[in-house]
Every structure is written in structure tokens, then in C-alpha cells.
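Common to both upcoming complexes is subunit A, partnered first by subunit B, then by subunit C.
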Partner chain A sequence: MQRAQNLSEDIDFAAVTEWKARGVGRKAIGHMPTYVPRELIHAAGMLAVGITGGGDKLEIIRGDAYFQSYICRIPRSTIELALSHRLDMLDGMLFPSICDVIRNLSGMWSMIFPDRYVHYVDVPQNFDTEVGGRFWRRELETLRHDFAQLSGVAIDDEALRASIAVYNENRHVIRDLYRARSERPWIFPMSEVYYLLRAGNVLPPEEHTSLLREYLALAPLETSRRDQDRSRVVLAGMFCEQPPHGLVMTLERAGCYVVNDDFLLGLRWLQDDVATTGDPLDALVDAYLNHSAMSASRYAPDGDRGRWLIDSVERNRAEGVIFAAASFCDPALLDQPMLVAALDRSGIPHTEFKFAEDTGQFAVIREQAGTFSDSIRLWSEA
Partner chain B sequence: MSAIRKEDSMLLQKQMISDHYDRLASAHDEGQKVVYTFVPGNLNELVRSFGLLPVLPEINALQSGLRKKSGEYIAEAEKHGHSEDVCTYVKCDIGMLKKGNIGPTGRQLPKPDLLLLSYTGCFTFLKWFELLREEYGDVPVAMLHVPYQANGRIEPHQRDYVVQQMRTEIIPKLEQVSGRKFDEDRLRDMLRLSAAAEDDLVWTLESAKKTPSPIDAYFGGVHYIGPIFSAFRGMQSAVDYYTALRAEVQERLDNGQGPVTPEGPMGKEKYRLVVEGPPNWTSFREFWKMFYDEGAVFVSSTYTKVGGLYDRGFRHDPDHPLETLADYCLGCYTNLGLPTRVDLLEQYIADYNADGFLVNSVKSCNSFSVGQLMMLRQLETRTGVPGLFIENDLVDPRYFSAANIKNRIESYLQMLDQKRGVAA
Partner chain C sequence: MTITAGMDVGSSSVKTAVVVDGEPIALRTDRIRRRELRKVIEESYEAVLADAGVQRSDVVYLATTGEGELVDFRRGHFYGMTTHARGAVFLMPGTEGALDIGALHARAMKFDAKSRVLAYRMTNQCASGSGQFLENVARYLGITLEDIGPLSCSANDPELVSSICAVLAETDVINMVSRGIKTQDILKGIHVSMAGRYLKLLRAIGAEGKVAITGGLSADVGLAKALQEKVVEEKFAMEIVTDARAIYAGAIGAALWGAFRHNVLARRSAA
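This part shows the complex of A and B:
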């Protein structure tokens, strides 16, 4: 656990530098939150590095000069990381289509670092195989070509299928962890799971998988962990800017078992195994079109915007939902009224607050979450 | 302030808009179907070729801003749980809907028969129409995802993707809602009219290269783009409007006159400015006055390119109807990567012989605003021309601090004077 904590809090990304030093010519590709096809990076022999801002460990000195006060925190801390040379070990940077902020950040990046590889990952919002699928396959072909050029390693189908298998395994163990936490959240507290997930930002997937397996085996041996009278809640709105660890701890201390969440959603964006037979790009296309997680940045063609959240509540036997969106996060905050309405229609209790990745005062959040948790325990029909 | 002066073309446009809203108000009574859609990447010719009437919620929001109604609409949306942090166009629209959906002419707007979600250059559009879908219940949505031109060029597979969506998603839904079959010849005829109007719009915008400029390409420019960016592109009425506008501007050019402001012809042109970003609508006239009182005229603007970058050569091409619509969508200003936007502004500053440039940064629009501080620095470095950075909002009156903005403008223009003095 200490290792996971160190990895997730290290804003100098020493693990990435060390990984690169272990082999000649090794390269690392950074990516902002939500989905990028990490399998292609892996198949080129490179390391995919999740960049989720500077959290509460980084003082912003130059980053604020790039953004107006009404822009969320993650782009300014990411720029700060870069300008303070903490991201110099990255050989390229990917910007998934989360929102206009991250989209425009891709352009800023290419102006600040004209000699570095920068790519905006434009995922389809049309989910027809012959339309959005064809477009996405073409985008994947571009990435495959670019990564091969960057790494000097041609990405053949066999290598890509092997990388898909590696990530399938990683997603599998993350699903196991989430299932275990949902069943016994006192054994696998969110405050620990969060560190373990964040370690996946900087570790090769094989190592991350081993770390998670080890934790799944060891955590139940902690005999002091006992079930307590807490409310089971789902946490929503944190798919991009990540909360400080103190906020997660605060929710637990306020009497909540977090039984599901959307932290670091990119690690488990694909909800099912990707096929390891046939054309591997087609397999990735199919997985994206048909097995993606729902998030505010993805269009819901069926119109049932809140269905995934209600499913999550039901599947995890949650008693309520806590909406915790980053301040000025357009996708999460525009989504919220629709999700709230869906919960209201289903009679599911909820509460809402906003955070920033460097939020340092938790008293108000503790009070609010505590009151919410108490109200569920005292007044719920169950 | 004296009585407001309006040019003939403005009166003509006013009548066009008024007639359109009247048609909308009675549309359902007369069996006419209505499509809600957005300005950037709008498929007006296609929608109109099915005999459908477009409603543009952004236009409703800005009209509400101009009519000083947006504050109460935004408050209404916030009362219903919409965050203070998000786009005020969205909240203004939702608030207007909650308060009866009364349009600018005082008559109720019809419910949509189709939400045509042209997701071009603005992520918020996606959420906006998801919210409207929730409000209206069972209204169908046709989704057109327009990929981003991160590299500043249209890739063939991006064009194919947009065209495929038109064939498989947009046209079938328009056929379903209208009860009519797609008529490609009719679409071609409309695209021909679009191109004619686009020629005259470009001529008008480029007239500002002359000194003195006969137009204000920002505060006046938002009127000039009105018909072509909204419900009239592809219509004979738009061609007529731009013919009239061109004649009007030609007359001012011939007479060596500057722009017409709400208080009459502008005085001597002292400063030529380029501007990036949308205007504020709640204090539109007051904001404009801060510039024309000082003799500052906007000679080029990026906001007047959100609905199409015609001055870079694009014209709707009737010979390739769906492909040209795809290129149009892909080429709208906010769908361009930041480096392309900086290049464009740099060219405007040079081509229009600008003394300075303004970045009007609006809180509501991340699509425009994110990166503007960097654009400011890049442009100053590349051109040596100093920039002014002002913050306000589109339609939230709480974010327009008149005294503060006026001070900054005056200081900036004084700085330009000093710079000229040094240069002389």
C-alpha cells in the first residue's frame, strides 16, 4: 500500500523515468483522463502514463497565467507540471475528447512544445459500426502509424493482440477489486483503492495487475477491519479532475462506504474483454462502440441519461449518490441535473458538492456527507 | 443617447427575423414542423429543403440578452439546479423554456419536432440538447458529430464520417419528421443561393481593409452575419439582404465614410482593431459605445467566423452537396485547433492593418476562451502589436463590469497613442 501511495503522490513521475532507464531507447506517452487506446502504446513497447493534474501536492506558479479564473484546475496544474519540467520524460502527449478545455489544451500544448508529439484523440459520438466505427478505425490506424514511428517498432497484429490481452487482464483485476469492494467495503476501503488505481497511471499494466492481485490477497488478512454502520453510496462526477486523497478519506470518516465511483475511469473505460482473435483494430473499435463506460463526455443515443447511474446504485446495493463534480467542470455539471432528475424519479437519495483537486478544507464536506449518511441510515425505508 | 439609427439593411433583416418568428409562432397550427439546431455547423439548406423551419437556441439566448431578459432566465435555470459555473446560453435557454418559451417577438415558440444536434466546435452543444431532450420528453434527436480540426486541415476520413452521418442519421430523420423524401436537386438550388450570399458577405467583411473602414466588423459584423449564420442561408431572402448590404457599404466606401453606429455615422477613425471572441449581449450597445466614442473601429473579428470561414475561400458547392455541407461544418472557427486560430488572427492583424487587437474573453464559452491568454501572448510576440484582454460574459449581466471595462479600454487606447508617439 505504501508503494501505491508513493506512486500516486509522486508529481515527479520517478517511476516513469526509472522505467525508461531500464532499457535503451524506451519511450513514454502521456495522456489526459478518460479513454485512450493504451494497447497501441503498449504494443509499440512504450509506456502509457496517465496525467491527472498536480493534485494537492503542486504549487501553481506559472499555470495560472495560462487560464482565466473560471477554468477548472486540471489544465493549469498540468501546464505547471510541464513548465516545471516534470513531464520532460514524456515523448508524446494524448488529449482525449473530454471537453472543450482539454481539447483546447491540446492546441496549447502543441504551441508550447512544438517539437513534441501531440495528438487530439477524437473518439466517435456515433456508435454505428459502419459510420462511427469506420471513423474510429481510421483514427486508430493513425495512432498505430504514429506510435510505430515514435518508437521505431512496427506494431503488428500479433503484438497488438498480446497487448490487448495484457490490458484485458488489468481490467479484469480492476473489476475484481471493484466487486470485492462493493461486497465488503470495510476490507477494501476507498481510501486504499484510490491509491491503487492511481498507481496504474505510471506502472506498466503487468506490474499494476500484480500489485492489485497482491492487494486483493492481502487486504482480507487484516483482521482489524470490521463492518461498521455506514451508508453505501455511489460517487459520481470525478471522471476527469481527480479529488485529493483527503476528500476520499473525509467521505469515509463521514460515515460512507463508497461502493462505486468514476475515479480514473480510463483504466476501466472498456467494460468487457476486448477480443483477442481476429483483426485487433476491429476488436478495439467494437469494444469502444459497444462496451464503453457511460460518462458525461459521451453522448447517450438512447436518451436514458441516468440509466447507468441507477444501474450502478442497484448493482452495488447503494443507498444514495454523492455528486462531486470539479468546479467549472462543464460536462459533469451540465450532466448533473439530468442525473438528479433520474434519481428523483427512482426515489434514490442524493447530495451534491463541488471540489478542486487542491481542495484542502474538508470540514464542510464532512458535515454535508455526514448528514447525508445519517439521513440515509435514520430515514431510509430499509 | 440620441435615437438609435438603423441602416436600411438592418431594417430589412429585422423584418426577415420578425417574419420568421411569426411563422414559428403559428407553425404547428399550420401543420409546419420545426427543427431546433445550432449556429456553427448548421445544415440550414438541408433542413429547409425538407420544408422544415429552424429554431436556433443560441440566437434566442442572445436575443434575450439584448432584451435584458437573460438575467431572470438564468436565475430560473439556476433555481432548477443548473450550476452557476456552466454556459449561460444553456441556462438562458432552459430558463426561457421554463418561463413559457416566449420568443423575441413576444409570441410563444413551438416545441421542436426534431432536435438536430450539430456537435460542431463546442462540447456544450451535446449536453445542451441532451438537457432539451429531457425537457421535451419524446422529441427525436438527430446527432451529427463533427470531428475537430486539431491539425488545421480536413482529413478525408473526417469528411466521409460527416457525410455518412448525414446519409444514415440526419437525412432519414429529416425525412421522417417532414414526411418528404430527400430532394437533392432542391438542396443544390439552395446551395447555389448560399454561395451567392456568401460572396457578398465576404465582400462586405473585406471592405474593412480600406481606410477608413466603412464597417465595424464586430459590433456591426454581428448584424451582417445574422441572415447567413441563422435561418436564411440558402434562401432568396438572404441573397437579397446581402445585395442590399453590399450596395449600402459600397456607398459609404465611395463617400469615404466610416461605420454607422447606433448614434449615427462614426467620427474619425483613430484606431483599427481586430477582435477574438464573442461579444457581450446584455450591454451590447454600451460596450460598442466605449469603442466608437474613442474612434476605435473593429476591422476584423473571429466571432463573425463561427458560422463559417467564408473569407478563407470556402463556398457552398452545389456540385457536391453533402460533401460541401461536411466541409462547412468542419471549417467553422471554433472547430479549428488553437494554432490555426492564432495563425488566422495574425493574418487578420496584417491584412487589415490593425493597430491593436482585443481578446474579449467570455466566461460562458470554454470553446472560445480556453487558451486565449496564450493566444494573446503569441500574437503580441509574432506581430509586435499590443493586445487588450477583457473578461465578461455572453448573456449573464452579473459578469459585465462597465466601469472596469471602460477603464481598461481607455488605458489601452492611451497606450496605443503613446506607442505611436514613440514610433513617430
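This part shows the complex of A and C:
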């Protein structure tokens, strides 16, 4: 656990630098949150590095000059990371289409680092095979070509299928971890799971899988972990800017078992195994179109908004939902009223607050989450 | 027979209650006084169980409140407002609001007959309206905590102090002592200032009817009197009430909610 904590808190990305130093000519590609096809990076022999801003460990000085004050914190702290040379070990950077701010960030990156590879990953919002599917396949072919050029390693189908298998295994163990946490959240508390997930930002997928397996085996041996009378809640809205660890701790201390969430959603964006036979690009396209996680940054048909959240509540036997969106996060905050309406129609209790990745005062959140937990446990049946 | 326990971990003391079938049978307060908090918690729990004549294994639900998240052997934790509201309704039936006044903070809350909190407001971080401030003043004046209330009630010419800042208020008190102001008038002035501050909280949440004082300062008769006088003076539709056990309202409320949750969980596992 200590290793996972160190990895997740290290804003100098020493693990990435060390990984590169272990082999001649190794390259690393950074990417912003939500989905990028990491399998293609892996198949080119490169390391995919999740960049989730500077968190609460970084003071923003230069980054503020790039964005207005009414913009969320993650792009500013990511710029700060780059301008303070903490991302110099990255040989390229991918910006998936989360929102306009991240799109602008990709443009800024191109201007700040004209000699580095930068790509805006325009994931499809049309889920028709003949429309979005063809578009996404072309995008994947572009990335395959670019990564091969960057790494000097041709990405053949066999290598790509092998990388898909590696990530299938990683997603599989993450699903196991989420299932285990939902069943026994006192054994696998969110405050620990969060560190473990974040470690996946900087570790090769094989190492991350081993780390998660080790945790799944060892955590149940901690005999001091006892079930308590707490409310079971689903957290929503944290798919891009990540909360400080203290906030996660606060929710647990306030009497909540977090039984599902959308932290670091990109690690488990594809919710089923990707086919390891046939054309691997077609397999990735099919996985994206048909097995993607739902989030505010992707299209959902009319009337379907919120269905995933209600499913999550039911599947995890949750008693309520806590909306925790990053301040000024357009996708999350625009989505929230629709999700709230869906929950209201289903009679599912909810509460909401906002955070920033560097939020340091949790008293109000603690009070709010605590009273929400009390109200679920005491008033729903009083 | 359903035995539950409640533990209210405050910033200056730990209050514990053992409740059997809805009736408190043992109550206990232990001051923290620079001692290791976990040790105080453990000793306090053992002692209250001994007072009640029950074993740990007899208690079906230990519920904590306040800073009780530190009690890792608890079954559940409830928030201060939830437990004080429940404790107030139990101890003083018919109350519709409460002022929970502890060592560092005060909190006004309004609730319904089922103790469901409808609105609340807290003092800000300044401690001038709190028990810790009164303790400091008692030390400057050379009196015991128990003397504060009766002395304040005997005052004739109260001298007001700053109600905004503890540092300013304490400076005011030192000046009054050097000016020869009587101790009882200083204390009454402090109580009047505090009462004004609390009434602002109550007004902000629209409290009316019977309002209970709970928490550590509920035993301060001088404060209760000053509050009631202020209510009359400002023509509030409110009656200030208190109870000898109101200091335990949080612990009793926690134990009562614990019993409620025990029954809910038992029903669920039987279903």
C-alpha cells in the first residue's frame, strides 16, 4: 500500500523516469483522463502515463496565466507540471475529447512543445458502426502509424493482440477489485483502492495487475477490519479532475461506504474483454462502441441519461448517490441535473458538492456527507 | 432487552451513556485534559459499562458522535446534530430546537418531533461563544466552573464583553478586573454577550417554541437565565429549557439511534 501511495503522490513521476532508464530508447506517452487506446502505446513498446494534474501537491504559478479563473484546476496544474519540467520525460501527449478546456489544452501543448508529439484523440460520439465505427477505426490507424514512427517499432497485429490481452487482464483485476469492494467495503476501503488505481497511471499494466492481485490477496488478512453500520453510496462526477485523497478519507470517516465511483474511469473504460482474435483494430472499435463506460463526456440517447447510475446503485445495493464534481467541470455539472432527475424519479437519495483537486478544508464536506449518511440510515425507515 | 451505548467525544471531554430498552441507566463524563484520547475513550467505556453492570458483549450497538470516528470498536457513527436533536427530544419532550454548546463551538438546530433536523447554523471558528472561553475566564477570575452560573445569576449590573473575538473578550475581562468590576457582573456580561450570539443563530434558522440547551454548557444556569432574558427582551416566540442530563444529550441520542439501527439491521438480516 505504501508503494501505491508513493506512486500516486509523486508529481515528479520518478517511476516513469526509472522505467525509461531501464532500457535504451524507451519512450513514454502521457494522456489526460478518460479513454485513450493504451493498447496501441503498449504494443509500440512505450509506457502509457496517466496525467491527472498536480493534485494538492502543486502550487500553480505559471499555469494560471494560461486559463481564466473560471476554468477547472486540472488544465492549469497540468500546464504547471509541464512548465516546471516535471513532464520532460514524456515523449508525447494525448488529449482525449473530454471537453473544450482539454481541447484548448492540447492546442496550448502544441504551441509550448512544438517538438513533441501531441494528438487530440477525437473519440466518436456516434456509436453506429458505419459512422462512429469507421471514424474511430481511422483514428486508431492514425495513432498506430504515429506510435510506430515515434517508437521505431512497427505495431503488427500479433503485438497489438498481445497488448490487448495484457490490458484485458488489468481491467479484469480492476473489475474484481470493484466487485470485492462492493461486497465488503470495510476490507477494501475506497481510501486504499484510490491509491491503487492511481498507481496504474505510472506503472506498466503488467506491474499494476500484479500490485492489484497482491492487494486483493492481502487485504482480507487484516483482522482488524470490521464491518460497521454505514451507508452505501455511489460517487459520481470525478471522471476527469481527481479529488485529493483527504476528500476520499473524509467521505469514509463521515460514515459512507463508497461502493462504486467513476475515479480514473479510463482504466476501466472498456467494461468487457476486448477480442484477442481477428483484426485487433476492429476489436478495439467494437469494444469502444459497444462496451464503453458511461460518463458525462460521451453521448447518451435521449431518455437514457442516468440509466447507468441507477443500474450502478441497484447492482451495488447502494442507498444513495453523492455527486462530487470538480468546480467548473462543464460536462459533470451540465450532466448532473439530468442525473438528479433520474434519481428523483427512482426515489434514490442524493446530495451534491463541488471540489477542486487541491481542496484542503473538508469540514463542510464532512458535515454534509455525514448528515446525508445519517439521513439515509435514519429517515428512510424512521 | 436491548442494550445500546452512546459515546460523545468532544474537544474537552468524553460523555458516555448506556441505554436499556430506551432508558438511560448509566451516564459518565471524563475530561480529556492532555491525556491520550484513545486511552480516555477506552477507560470511559469500561467505566460506564461497569456503572451499568453490563458486559461489552451485552451491548448490541455502540454508537459514537462528535469526534467519535476515533472509536474504532464502534458499530456506527452519527453526526452531532442528529444525536443532539434525538437526545433533546428524549430528555425534554416537545422541544423543536436545540442549542448544542460545547467547548469550541455552538450549534443551533431546528427539528421535527421525530428529531429530523430541518435547519442548522454553527458559530464560526472563533471560540468567544464557547465553553473553552468560559473556562479561561474562570481561571482568570480565580473561580471554579461550578461557580460561574450561580454567580452570574446574582449579578445586578452586567458589564458586556466583545461577542466577536475570544482574544478581545479576554482582554475586556482583564480590563474589567483591573477596573474593579464585580466578578458576578463580569460573568453576567459574558453570558449576555454569548446569549446574543446564540439568539442570532436561532433567529437565522427560524427556531421557535421550546428550545433546549444541550452539550457541556447546558449545566450553566447563568447562561440559561441570560438566554431566557434575552428571548423575552427581544420578544422571541421561544422558551429556553434544559435538563440535568442535557450534557449527555449527544451520547443518549447516539445510543437511542443505535437501538433504532440495531432493530433495522436485525429486521433486514431476518428477511
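One rule holds for everything that comes next: the second predicted complex is superposed on the first by the 378 of 382 C-alpha atoms of A that agree within 3 Å, B and C clash if a C-alpha of one lies under 4 Å from a C-alpha of the other, contacts with A are read in each partner's own complex, and residues count from 1 in each chain.
Note that in this section a contact is a pair of C-beta atoms (placed from the backbone, for glycine too) under 8 Å apart; a residue touches a chain by one contact, two chains touch by 3 or more.
Model, not experiment: these values are computed from the prediction.
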{"item": "Three-chain arrangement built on subunit A, subunit B and subunit C clash or fit", "value": "fit"}
{"item": "First (subunit B), second (subunit C), both or neither touched by A:Gly370", "value": "second"}
{"item": "Touching partner for A:Pro96 - first (subunit B), second (subunit C), both, neither", "value": "neither"}
{"item": "Subunit B versus subunit C as contact partner of A:Phe135, first or second or both or neither", "value": "first"}
{"item": "Partner chain(s) touched by A:Asp229 [first = subunit B, second = subunit C, both, neither]", "value": "second"}
{"item": "Which of subunit B and subunit C A:Gly237 touches, first, second, both or neither", "value": "neither"}
{"item": "First (subunit B), second (subunit C), both or neither touched by A:Pro33", "value": "neither"}
{"item": "If touched residues of subunit A are counted for subunit B and for subunit C, the larger one", "value": "B"}
{"item": "Subunit A as apex of subunit B and subunit C, Cα-centre angle in degrees (nearest 10)", "value": "100"}
{"item": "Partner chain(s) touched by A:Pro205 [first = subunit B, second = subunit C, both, neither]", "value": "neither"}
{"item": "Touched partner set for A:Trp379, first subunit B, second subunit C, both or neither", "value": "second"}
{"item": "Lowest C-alpha to C-alpha distance for subunit C against subunit B (Å)", "value": "19"}
{"item": "Interface residues, subunit B side, partner subunit A - complex", "value": "80-83, 85-87, 90, 119, 122-124, 126-128, 130-131, 133-134, 141, 143, 145, 147-148, 150, 157-158, 160-161, 164-165, 168-169, 337-339, 341-342, 361, 363, 366-367, 369-374, 378, 391"}
{"item": "Parts of subunit A lying in touch with subunit B, wherever the complex brings them together", "value": "65-68, 70-71, 75, 97, 99-101, 103-108, 110-112, 119-120, 122, 124-126, 128, 130-132, 134-135, 138-139, 296-297, 299-301, 303, 305, 325, 327-331, 333-338, 340-341, 354"}
{"item": "Sites on subunit C touched by subunit A in the complex", "value": "61, 69, 72, 74-79, 81-82, 114, 116-117, 257, 260-261, 264-265"}
{"item": "Residue numbers on subunit A that touch subunit C, as the complex places them", "value": "224, 228-230, 253, 255, 367, 370-371, 373-374, 377-379, 381-382"}
